[in-house]
């Protein structure tokens, strides 16, 4: 029986069609969103790289190092 | 029918009463505990801030930094 | 009735016997594996200590410190 | 063409009902508050996003075998998630300020008046026919006045799971609004002179006191209000891990990865209760009104108790710190600190407000136990 | 002596069947690829080790009350594990390159041709009598062409759990093989001149765009393909946590401990489906063949779409980046980058390829939703 | 007044029975040992705290729908928690010292004599009518001699869940007491001259050996004692993740957040078995006695085997390291090291003791498999 392929063909065409429609609409929506963002949030600046996957962000790192240095300096003064 | 409020009134008075009784007893118990602690563990000192939520406690941090410094010093000496 | 102990005795002897047989075979298999490894992977070198349980391996640590130092140096130059 | 019709029928475009559209807007509004206004984002962001997912028609997410429904059944219907969060809160709590000044526990007790006043308020609204809250529901709503997220979720999951969504929204929103809700109440009930009262430095607390306190608290709970023992037990467990100092790797996990994982899953599970048919009901309006009343009443009771204590004691306390008794850790303590600084720029109330603040956590957990016992 | 006999009967020596021995060898081979060749080791190592455990005779591990079976029931039969992984992937995804150049989404759409071509291929093989795939099974196999692990596992768990083992092996193996599979296809369909096309720098993207995009994507999904909402919903949730910047501790957990824990458990659960009686079937061979075809077809469609876009637009794009539309993040983008450098050492395509790369993730999730809706 | 009566009836004051009070004291004692004496605090602290919660009357915590009961059902009744912990232990284990000197595995085998001697001891006590242990129970008690927490919990959960609380307390307490239990036994069986035997440095072990060893161990287990495959399989999986070096983020999670989360939940779940009606039974006394005997017997057997090996080999080993064969990683190895230093301040046995130490983990897992097979 050959009806699986013939059953699937419209499904496949339909499927890829919906994928294209979806992503085309997403392109339009994204462009509209970006345009609105540029108009209403002009000073917002670019996204900072603040979601680094590292456990210790550099700022926190620097703070810790500063704290240790201070701690040592105090110890040194006391010694 | 108004019996929900009249049903709830003693419950509410009772409830706030128990909360007060509980916390008053907790005050007394805490004071007794602190007094006993002061008598029987006089030299124990204050609680060190050793449960910091940071991933790397300063001590470990200092150890790591010291290790790296040492490692570099050795490398430098070898180079 | 004393049949629990007499029921268990052969079980115990058997059990410790299997443990010994298993670990003796494991010794032989391990030696064979090590010999094969020495023959077929001579240049592989020793296992690096790369699975340290620390959150920040020294290398990454060093990299972060270097990055901060650089960042500060740049800032200093800009100031 | 058949597929096009089937898919068209499957789209949200066809299936959306206006209630779901309203809920999507509400959830987007909550996301705005969480992200832009930083309203308790750790919980409100997952809850609101869960709410978005729960209102998408044509697919099982918060119903049937959907993931949010499963998370709800796994963690909320069983009360496991709120209790694990409470353990994490315990591991993050420092009882030092409370141990240095135990009498401030009275402020944590007084602020729970908000809970019981709200209970009566809810019952009154039912008697008046404005709403139709049962005693269980009224109790679950009242606990919003405890200003403590996990306690509210726990009690709601036990007494009134059908109201869980609205109660969670009210509890976390009003906690975020503490800097707006508390000042007018606290200012109205205090004079400028009272607000300028300075409090002396706190004594240092021994490690052994910090270790024994959670055990003492658990034992007292076991003796007097065992119904509060699941909540306070998990809380004390987290705190003992922290203060014992011998299980640092467990403490670190309880404070970080464990509590974060559970927060994500809990938030989504709570969000599943924001489906339109459950949330867009008159009761939600009542819950929001009563929750606001509860926060205000608790704040007032805390401040008035502080003033009463000043009448009876020679060692004066700044009545503002009574407002911190509602919990809302650490937002209420910070609000108190800010009000104190407005009255006198050199007045530092933060540490003094932390005592009643954590006492409020204990007080509302005890209140939850009582409500379970008597209304459950 | 009785014990010796009982234990002897209990040993693997007696109970092993040749199929199990073959599976052990296959799993050891997969471990070799994962460890020595670094074939997607994060998934293939746990899957292959789970496969070893699943083929040990004489003990319940992947069956009955065994731990792998329980993990399967907890996390795969419920679809919870793939969805949580997808949340983590969302938290690790940067939509910046896509937002800078939205039209590259078309490449992410085109590459999904591989999915639907494979669907037809699987049905054709069934019609020819070579294999016996149902429509559901063909759909689950076809999604391998999406080149996205969690999406494949999710669809397989919904439509054809009996094929889950083979589909997972094919999906992750071919993702690892992307540097071998894609170049011949991409080179055959492009001229050297095309491959030398340079693309200009990307504009910087605002934070607000990155925050709004996951919400936009979710809303469009809810309107048009709600069946894809569980997948894309969790993905957008992870991404919104990341981009909102207000829940860093949750983002960190979603990117690290949560996704790692689920990866370990998911890998073992998938491994439970490598038991000989499920894996050593003719269907597996068909799945491996069709999976390879799917990757090649998707690559070809992406490249051809890029060439078509160049015909219709004045602003040319390097057709190689069409190959990145299959997903396989970030392997496909890196492969594209490498091919670009071979044609012109100063051509940097990596960032430009990341746009279609993440668009491919969206495209295959949408395709999965359609397949669930129409074949489910 | 009615409420006062209801609450009064609900208080622990009324409901406490003396057995529960005794259990609370025992659990407080265990907390003292865990916190002040640092007796295996990672497990004993959660277990003892769980025990406190389990003995609070008037509320469901370890019974009904209580959280400890649910954790027990989720993780212990299913054996999932001990197996996940064992995976984490595998990820933390370095087989290097064992691979450098494989013959020390014999010491890890010999020390398991303690397990089987204890099995006979338990059966003898039953025959004498002093206790009433079934064969299953005797086997679960005997494994305490394996000095390995997860193995003991796993076997108890499979063979005798009703004894799980007492077995866990005995296993972890005696592991903590290894520095007190082992020295008298080891000193009695060795001469000062033997204890001064120095052992030469170990050869360096190749990475490939460390990668292949867990696979070898698993294959041998599958062939000979498949009943041990769940335990050793998870252990080898953790170790392979570690040694492969290609899944560092998974290894890190398995060593840290995953094992810590499971430890917390497992500890509470075990604590649920310390309810007075289960723990205050004669069997507990027998378990504590037999557990002590098991540790002593295992230590003796390990030391004697080392002496026997010295008779048969030219390359002498310090017989103290035989004591490390009981496992109790790394406590036993450290104890051996300390005894060696007492005999000769320049004798460094730590690394040499790690070989039998980890071999003891393998040995007791094999013994557990045999006991499941023959007594299960």
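Letters A, B, C, D, E and F name the chains as they come in the text, with residue numbers starting at 1 for each one.
Please note the rule applied: contacts are C-beta pairs under 8 Å (C-beta built on N, C-alpha and C of every residue); 3 or more make two chains touch, one makes a residue touch a chain.
Since we're looking at a predicted model, the values are computed, not measured.
Chemist: If every chain is reduced to the average of its C-alpha atoms, which one ends up farthest from chain E?
Modeler: Most remote chain from chain E, centroid-wise, comes out as B.
Chemist: Determine, using the mean of C-alpha atoms as each chain's centre, which chain is farthest from chain D.
Modeler: C
Chemist: Per the centroid of Cα atoms for each chain, what is the distance between chain A and chain E, given in Å?
Modeler: 20
Chemist: Averaging only over C-alpha atoms, locate the centres of chain A and chain F and give their separation in whole Å.
Modeler: 45
Chemist: State, to the nearest whole Å, the distance from the C-alpha centre of chain A to the C-alpha centre of chain C.
Modeler: 37
Chemist: Counting only residues that touch at least two other chains, what does the list for chain B look like?
Modeler: 11, 14, 18, 55-56, 65
Chemist: Two-or-more-chain contact residues of chain F, please, as numbers and ranges.
Modeler: Residues 3, 7, 221, 224-225, 252, 256-257, 261, 370, 374.
Chemist: Inside the complex, what are the residues of chain A that reach chain E?
Modeler: 1-5, 7-9, 11-16, 18-27, 29-31, 33-34, 37-38, 41, 44-48, 50-51, 53, 55
Chemist: Would you tell me which residues of chain F are touching chain C in their complex?
Modeler: Checking each residue of chain F against chain C gives 91-92, 96, 99, 102-103, 105-106, 108-110, 112-113, 115-117, 119-120, 123-124, 126-127, 135, 138, 204-210, 212-213, 216-217, 220-221, 224-225, 242-243, 245, 248, 251-252, 255-256, 359, 362-363, 366-367, 370-371, 374-375.
Chemist: Would you tell me which residues of chain E are touching chain F in their complex?
Modeler: 3, 6-7, 10-13, 15-16, 24, 28, 31, 34-35, 38, 41-42, 45-46, 49, 52-53, 56-59, 61, 65-67, 70-71, 256-257, 260-261, 263-264, 268
Chemist: Give every residue of chain E touching chain D within the complex, in rising order.
Modeler: Going by the criterion above, the answer is residues 78-80, 83, 87, 211, 215, 218-219, 221-227, 229-230, 233-234, 236-237, 240-241, 244-247, 249-250, 252-254, 256-258, 261, 370, 373-374.
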